[in-house]
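There are structures below to look over.
Shared between the two complexes below is chain A, which has chain B as its partner in the first and chain C in the second.
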Partner chain A sequence: MQPNRMLPNRSRTSVLVFLLPPLLLYCAAVLFPIFQSLFLSFFSWNGISDMEFVGLDNYVRMFVADDIFWRAFLNALIYLAICLVLQLGGALVVASLLTSLRRGRELIKTLYLLPAVISTVAIAFLFVRIYSIDPAGLLNQLLHWIGLGSLERPWLSDVNTVLAAVSAPEGWRFTGLYMLIIYAALIAVPKELEEAAVLDGASRWTLFTKIRFPYIRPVWITTTIMATTYGLRGFDIPYLMTNGGPGQSSELLTTYMYKTAFTSTDFGYASTISVFIVIECLVAVGLILFLLKRKAD
Partner chain B sequence: MIAQAAPSTPPTTVPPAPHKAARRRRKPNLFRTLSRVLIMLIVIVQVYPLAWLFLTSLRTEQDFATGDPFALPSALTWENYARAFETGDLGRNILNSFIVTMGANILIVLFGMMAAYAIQVLGFRLSKLVRGLFLIGIIVPVQIALVPLFIDYSAVNLLDTYQSMIIPLAGFSLPMSVYLFSSFFEYIPRETYEAASLDGAGPYGIFGLITLPLSLNTVVTVVLVNSIFIWNDFIFANTFVLSEDLKTIPLGLQNYIGAMGKVDWTATFAAVCVTITPLLLVFLVLNKAMIQGLESGATKG
Partner chain C sequence: MKNAFRAAAAAAVAALALTACGGGSSTDPSNVSPTGEIKPREISWLLSRPADGAVINIMKKIADDYAKDHPGFELNLITTPDRPSYIQKLETLAAANKLPELFDTDATPFAQQLAKQGKMVDAEKLLKTLDVYDDYRPGALDYQRFDDGSLYMIPFQFELEFIWYNKALLEKAGVAVPTSLDDIPAMCTALRNAGITPIAIDGQDQWPLERYVAYQPFREAGPDFVQKLKKGEAKFADPAGQKTVTWLAELGKAKCFQEGFSAQGYSDAQNQFTSGQAAMYNIGTWELPSLATDKLNPDVRDDIDFFTLPTTEGSVTAANEFVSPSGIGMAVNAKTYDPLVSDFLKFALDKYPAEYAATGALSPTTDVETAIPANATPLYQKALDQADNLGSKQAMPWDTQLDPTTNGRLQQELVLLVQGNITPEQFTSTMDNAIAQNAPKFFK
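Coming up: the complex of A and B.
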């Protein structure tokens, strides 16, 4: 008998009837393409001519000979870092502040989540105008008003600012989502624990680091994993706003892979890059689990 | 327990019943004020751009090109909306998004429930392995599937169809749905199933008569959470769809970028406002359920 079997008599066919359709869809859309990418990464193929087996050539090219790849990888890490700070940092601050409010929590939650409902294409349009210099967009106008006029610039064509400029909208978009999750965890911290600590004279900071944060650590791990995997697959906003430019200054691995596949129709090499992206995600998740779980013990 | 913890620090004896609400009030009010101001500021940063988007869609073109972006429109006009509907086929785009979202949601809910039922309720030897397989889909980025699916679709003539969008959207959302349903199924007591079994119901009957009706709340959660992502999907639609007739909202909006990247901004913003309205309305009406869904989605997954 299986411990998790709840129905005393069920036939083997009934298991298959329920399991096969979802598993087939999942294999067709997710699992099989992963293996296909792995397979294609050993070939040179433009989609029309015959596939040519090239062994590890694509990997050698990627790691040794392709500067754009490394540039895109570095950019992707910076993009990820900016997203994580905005999303998780912002979420933690707002969620903590929100617990100290007595009224209007629901309203603020709703308003804060609002950008998550908007499509990336709409967001890209919106931020192109926010960053615009002529006519002055919201950001440049704001800088002008608060006396930082020297900082005014075309944010999206300046190679020094473009990466941050395409990362910020992604951070802005989802911070509300993570805030909700962290907020839900924070209000689940038992009141007795907090009150006892306050009576012991704990400061707000100690209260947070010693009581609240350890309590929400499991949720924090989940949100960190979510935000990281989402950050690493970030694509829409940079692709739509700058298409990786100017030059390669806002190129991410995902946009580079996309262009390699569908502009240069180099399916083999594009698959090599996507295999790298998958490995990068798995490594990132492994690292987060390792680092955050170890600290807990 | 609280009273016992107290005497450890204060030098004077603490009266057993402190003045009412003193514990709350004793904290510096400055902190409370400061945090209110900070929250207001952050909320403004979150919401103002969207309000600005709407206001701009009501501006005249000239006002937009010359005026201060923060200023209120000098005159309100609906002309932008007229031009927006002329330029693109917004109705068609919304319909397509609706079809894709419905199609994907049906698959996600039905298949997610079925897989969870097989794993959690029926049980089988390799159920742990299958669970693990589904975990992969949560971690790996969707871009991995673009090239392979593009090749496979062109082999079986699925490029440029509704299915080409629905299949990967459903496939990549399926894992979360399976997890949500199986964690819900855990709460259905074993006795319910045993009683039904004694009454002669088989696995199919129990699925239809017990599991399905009981999980309606989870269905709502799954649908709401996934709809946000599917309705706004850009990457699959952009890769697999070419013809105007099948374009969903995100692709339709791109039509507003004219030749040489020239954009009629006020009309574009009007189009954006039209296209975000359906989901925004659903969100504002059902935001309690949606917020709950998002919260539970993350804490259980």
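Coming up: the complex of A and C.
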């Protein structure tokens, strides 16, 4: 209750008054659509027909009778894993290297951050070209030059590579952003602590695992949550690059939901999928908090 | 907290109930000549046509002319050329009951539902009242009709789809123009052996590959097949269905399409053909300006020709019957149809054909002659001449026929089938299941 004591009595009300508009906005923009989806998920409705109450039919269909749903769910998890490795792993490595760099930090930071400010559509088109085989794109040309010609393939048409191929641009895109956040946390680690550890003969690895990482753990939790929720909501790049294809090889829950709603005009079932996505995101965040908090204790 | 939760839930339910009730009433769709005063206002046309294409340019001009005598009139053209995005926009607006005065749609099951609900003006009656019905090519109107023969969309184009080919490349591979659809797989093998890409295709947009699934059944069983298939009355497991499935698998095995085609777009495919890398390219007369004029790459200009859809042995449709679409049609919103919209349509439909034919395109009507552009190659005339000699049946593109969910699944599975990722048997059972699951909701 420390902050309250610092404020005069009546300002508690004024704080509430000032908090109310953003709260209402949040309810209207976030909570309301979620409840609306929940409501719609019990109906069969194509937008122009009469709404028909179907109870839990949509949920039964989703869990039992829809092969694309499970495929899309699995794809979404793989997509998430690739994004997390690239974004968090990549960010941590680059940020750690940056701290030991004496010159050119600003330049490297800017270069890494650059993809985050490029529009998604541009990135998608750029990568379609990079992965192309006919005419040979950058990736296939590189493989050819370094003598790995046997690996050349149409990355976006091959059902075995397409999911990784659409995940990589999303991962690459935000590595710089998370790098910046983690870098900011790393340079805040007190120098005295590190110096003391070095004097005690700690190796670089021990230094990292025992001092630096525990110190940045709160920031790490936040970035993990951010990256995970962004990853679970990933939509634009896969949608623009392959539209979920070939077949369902790069179909994510989000692209599947979008198609169900706006191509199949099955708004009821699409709402069911979106309810699943909301729950999936909440569960993911809960899991991250649980695992990382437990480790900290 | 609990109370807030309850309030929010109640608000959500109330808002939904309100939107659900907002259906509104529509006027009688068969009343095509509304009486009353013409009050000029701004009307909108939601369309899916090239932003700088002939249709939009001409309609802009016609609307300006009309506005001279009717101050206050304005035609607001809102175009979304990308078809999938357009369809999503249209369906969302229809769901919100916010369709504008005029809107584009194919004769899809979704459009048929709109028509059944009385949301579209009966186009056959409208055209007859305006006394222009008989000017239209029967094929152009038939393309716009629903299965029951009713007509709710007005065509603005007339196109013929051919298979364009490069004579020099065929010669190099030692193959002739195919006389039967069944010749094509062997032809592809020969072309591949000569180091040539047999067919350039735009895989990204999905409809080009979907054309190929329509060809064999159209020859084997006629235009009825897809009408039965979409309702579940015919199956991919039937002989005509199996023929197309096996044929597509053969096309895939013979590597007919360029490698990685599923990620290549419209212009990628056209470039492959016009740069002389690919031997064949299936596209309609809307590309005449780039394929039959001096805009075409001089290196291939003299080698380009076209053939129409080959027949097969025992084919029930004739060689002069193939895909001849009249493009996406324009529907008239029954709810906003009033003396002004009626009067403007009368003015516009009267002026449109002559203006459109002057641009070198085929008019959906027969009362005007297409002007051949000055820079045309002889192929231009040859292509237009095909329009005078058409049979009475036409192959419908399947993407306008199937329900949207089945259509989406078909487009996905086709790529897998042609790439060899699934067997013809898997394809057949997946698609027959998809139709059984989705068709009843749309065609009840």
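Assume the second predicted complex is superposed on the first by the 272 of 297 C-alpha atoms of A that agree within 3 Å, B and C clash if a C-alpha of one lies under 4 Å from a C-alpha of the other, contacts with A are read in each partner's own complex, and residues count from 1 in each chain.
Here is the rule we go by: a contact is a pair of C-beta atoms (placed from the backbone, for glycine too) under 8 Å apart; a residue touches a chain by one contact, two chains touch by 3 or more.
These figures come from a predicted structure and were not determined experimentally.
After overlaying the two complexes on the shared chain, residue contacts for A:M51 are found with chain C alone; chain B is out of touch. Residue contacts after overlaying the shared chain place A:Q141 against chain B, while chain C stays out of touching range. In the superposition on chain A, A:P154 makes contact with chain C only, while chain B stays out of contact range. Of the two partners chain B and chain C, it is B that touches the larger number of chain A residues. By the touch criterion defined above, A:Q36 reaches both chain B and chain C.
By the document's definition of touching, of the two partners only chain C reaches A:S264; chain B does not.
Contacts of A:T242 after superposition on the shared chain: chain C is touched, whereas chain B is not.
Of the two partner chains placed by superposition, A:T206 touches none, neither chain B nor chain C. Taken together, the two complexes place residues 31-32, 36, 40, 47, 262, 267 of chain A in contact with chain B and also with chain C.
Residue ranges of chain C in contact with chain A, taken from their complex: 8-9, 11-13, 15-16, 20, 84, 87-88, 91-92, 94-95, 110, 113-114, 117, 197, 203-204, 206, 258-264, 272, 403-405, 408, 412-413, 415-416, 419, 421-422, 438, 441. Residue ranges on chain A touching chain B, taken from their complex, read 2, 4-11, 14-15, 17-19, 21-23, 25-26, 28-34, 36-37, 40, 47, 90, 93-94, 97-98, 100-101, 106, 108-122, 125-127, 129-130, 135-138, 141-142, 172, 175-177, 180-181, 184-185, 192, 195-196, 198-201, 204, 219, 222-223, 225-226, 229, 232-233, 235-236, 240, 254, 257-258, 261-262, 267, 270-271, 274-275, 277-278, 281-282, 285.
The touching residues of chain A, counted against chain C in their complex, run 27, 31-32, 35-36, 38-40, 44, 46-49, 51, 128, 131-134, 154, 156-157, 159, 241-248, 259-260, 262-267. If you check the complex, the residues on chain B that touch chain A are 1-2, 5-6, 8-9, 23, 31-32, 35-36, 38-39, 42-43, 45-47, 49-50, 52-53, 56, 64-70, 107, 111-112, 114-115, 117-125, 127, 130, 133-134, 136-152, 167-168, 170-172, 174-175, 178, 190, 193-194, 197, 202-204, 206-207, 228, 231-232, 234-235, 239, 249-251, 253-254, 256, 263, 265, 268-269, 272, 275-276, 279-280, 283-284, 287-288, 291, 294-295, 298-299, 301.
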